[in-house]
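The structure is given below, and queries will be raised subsequently.
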Amino acid sequence: MAYTYSHEHRVRYRECDPMGVVYHTHYLDVFEVGRTEAMRHAGVRYRDLEAEGIIMPVVEVEVQYHGPAYYDDLLVVDVHFGQMPAVRVPIDYTVHRAGETDTLVTGHTTLCFMDAEQRRPTRPPDRVREAFAPLLDA
Amino acid sequence: MAYTYSHEHRVRYRECDPMGVVYHTHYLDVFEVGRTEAMRHAGVRYRDLEAEGIIMPVVEVEVQYHGPAYYDDLLVVDVHFGQMPAVRVPIDYTVHRAGETDTLVTGHTTLCFMDAEQRRPTRPPDRVREAFAPLLDA
Amino acid sequence: MAYTYSHEHRVRYRECDPMGVVYHTHYLDVFEVGRTEAMRHAGVRYRDLEAEGIIMPVVEVEVQYHGPAYYDDLLVVDVHFGQMPAVRVPIDYTVHRAGETDTLVTGHTTLCFMDAEQRRPTRPPDRVREAFAPLLDA
Amino acid sequence: MAYTYSHEHRVRYRECDPMGVVYHTHYLDVFEVGRTEAMRHAGVRYRDLEAEGIIMPVVEVEVQYHGPAYYDDLLVVDVHFGQMPAVRVPIDYTVHRAGETDTLVTGHTTLCFMDAEQRRPTRPPDRVREAFAPLLDA
């Protein structure tokens, strides 16, 4: 029971440092894009959640760097939801170069559904769970 | 009639690109910090303006790059207000390495006082003009 | 005689500020992506130029902000080359929301072909001019 | 046996997101600045290491977000070295608002001394260990 979405990212010049490789913080930006598109693919737009008064702050991140990515590399980010979204949403990420198998980066983030007004954790709307159900069963 | 404030910025690793020099966009971030501190020095905190319902979006930027800055360089950014803040606030910037005279970067930004609610241009509060008056006369 | 390439950019959360709009500096990042893809479309990969010892630093930027873009907006960036690349490469940009006609942002950058070793301006390789010729004539 | 260095960081507008708080990735930038200044305070400039052919890539990061920081907040980042730098350098971070005691963010990074030419892990230069010795004993 898991939903994995693959997102592609082209490495940009501004993301590379004097070592000639992607600076470590930028993978977190790629993770944001990957999970946003994974949610959109599931039928949940984060902008709609915000309009309903729900925000999803990141409460925890972990990243391990196994190997470098270079300028203009095409990266594939696999965004992995291993369980039904609850108050907390754990997501795993693995990054490899398109057409290669070596894992360059692995990551994990925990997001939290939160009431924007009260800034308190809250359960996800039913429609989020309904959107993820068929993908997690697949 | 002018007010010039000098802000120091240490170049960070994340700001440098594979050419080994500061990537061009980061100077705009340094300009933001410089003008914020110039205003604070004048007695005006931007956070207080926001709390009063006034925002100051950037409506125009120009930057010319004359020479490279390198990792760990200590840069001096001169932030120059040439006139009393009105609806529009033009600001000029020059950047040089501490202890040297060559100008590395010159820039110009135009900010605009705006009513946050209505998103319409507005005159600056009197206390902004009062804060800048003695500095501009000096 | 001009070559215009259209690039799409989805606005990301990290690009938006407390005013709820795209922070002004991020358009320069979008311009970088746009011109890189415009060059790739013309048959010139910037990474290949670097491998040949040629770099293309930005020597000048100008941006005018006419209206705000919001989180998750799909933006269209038109990247416009109005002349054959020479030592200097002027490029114009206009940004609008997909499906709308209002121009949100206009920009201009000047890049410079430079010998990476000597850090001196240089003429672009013949193959760059040959790649752009049919597009500029079209 | 530990060396803790305190670094101050003023929250900038570009670091804040539509929730009005510091976007989660920017703490990693603050950590970079903090450890660079902690090393400088110990007598080790990272730029000198690079000039000697040694680089220090980040191989692992972890961050926990306990509470929000707001625009213009003055943050204190405590950078904590719990052991003598070896091939791997583990560093802990805690962030709180100046004048308050609540911990907003905790983090951990592991850096690795690496031969820049061969891209292989290497032992730190003796002078690094000599520079840290008195601070760790204190």
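Observations, loosely collected:
The letters A, B, C and D name the chains in turn, as written, and every chain counts its residues from 1.
Rule of thumb we're sticking to: contacts are C-beta pairs under 8 Å (C-beta built on N, C-alpha and C of every residue); 3 or more make two chains touch, one makes a residue touch a chain.
All of these numbers come straight from a predicted model, not from anything done at the bench.
Touching subunit C and subunit D together: A, B. Across the assembly, the mean Cα position most removed from that of subunit D is the one of C. Centroids built from CA atoms put subunit B at 34 Å from subunit A. With centres taken as mean Cα positions, subunit D sits 27 Å from subunit B. Mean C-alpha positions place subunit B and subunit C at a centre distance of 25 Å. In subunit C, the residues touching two or more other chains are 13-14, 18, 25, 29, 32, 50, 71. Of all residues in subunit B, those touching subunit A in their complex are 13-14, 16-18, 20, 23, 25, 71. Within the complex formed with subunit D, the subunit B residues making contact are 10, 12-14, 29, 32-33, 36, 45-47, 50, 71-72.
On the subunit C side of its complex with subunit B, the touching residues are 18-19, 21, 24-25, 28-29, 32, 50, 55, 57-65, 68, 116.
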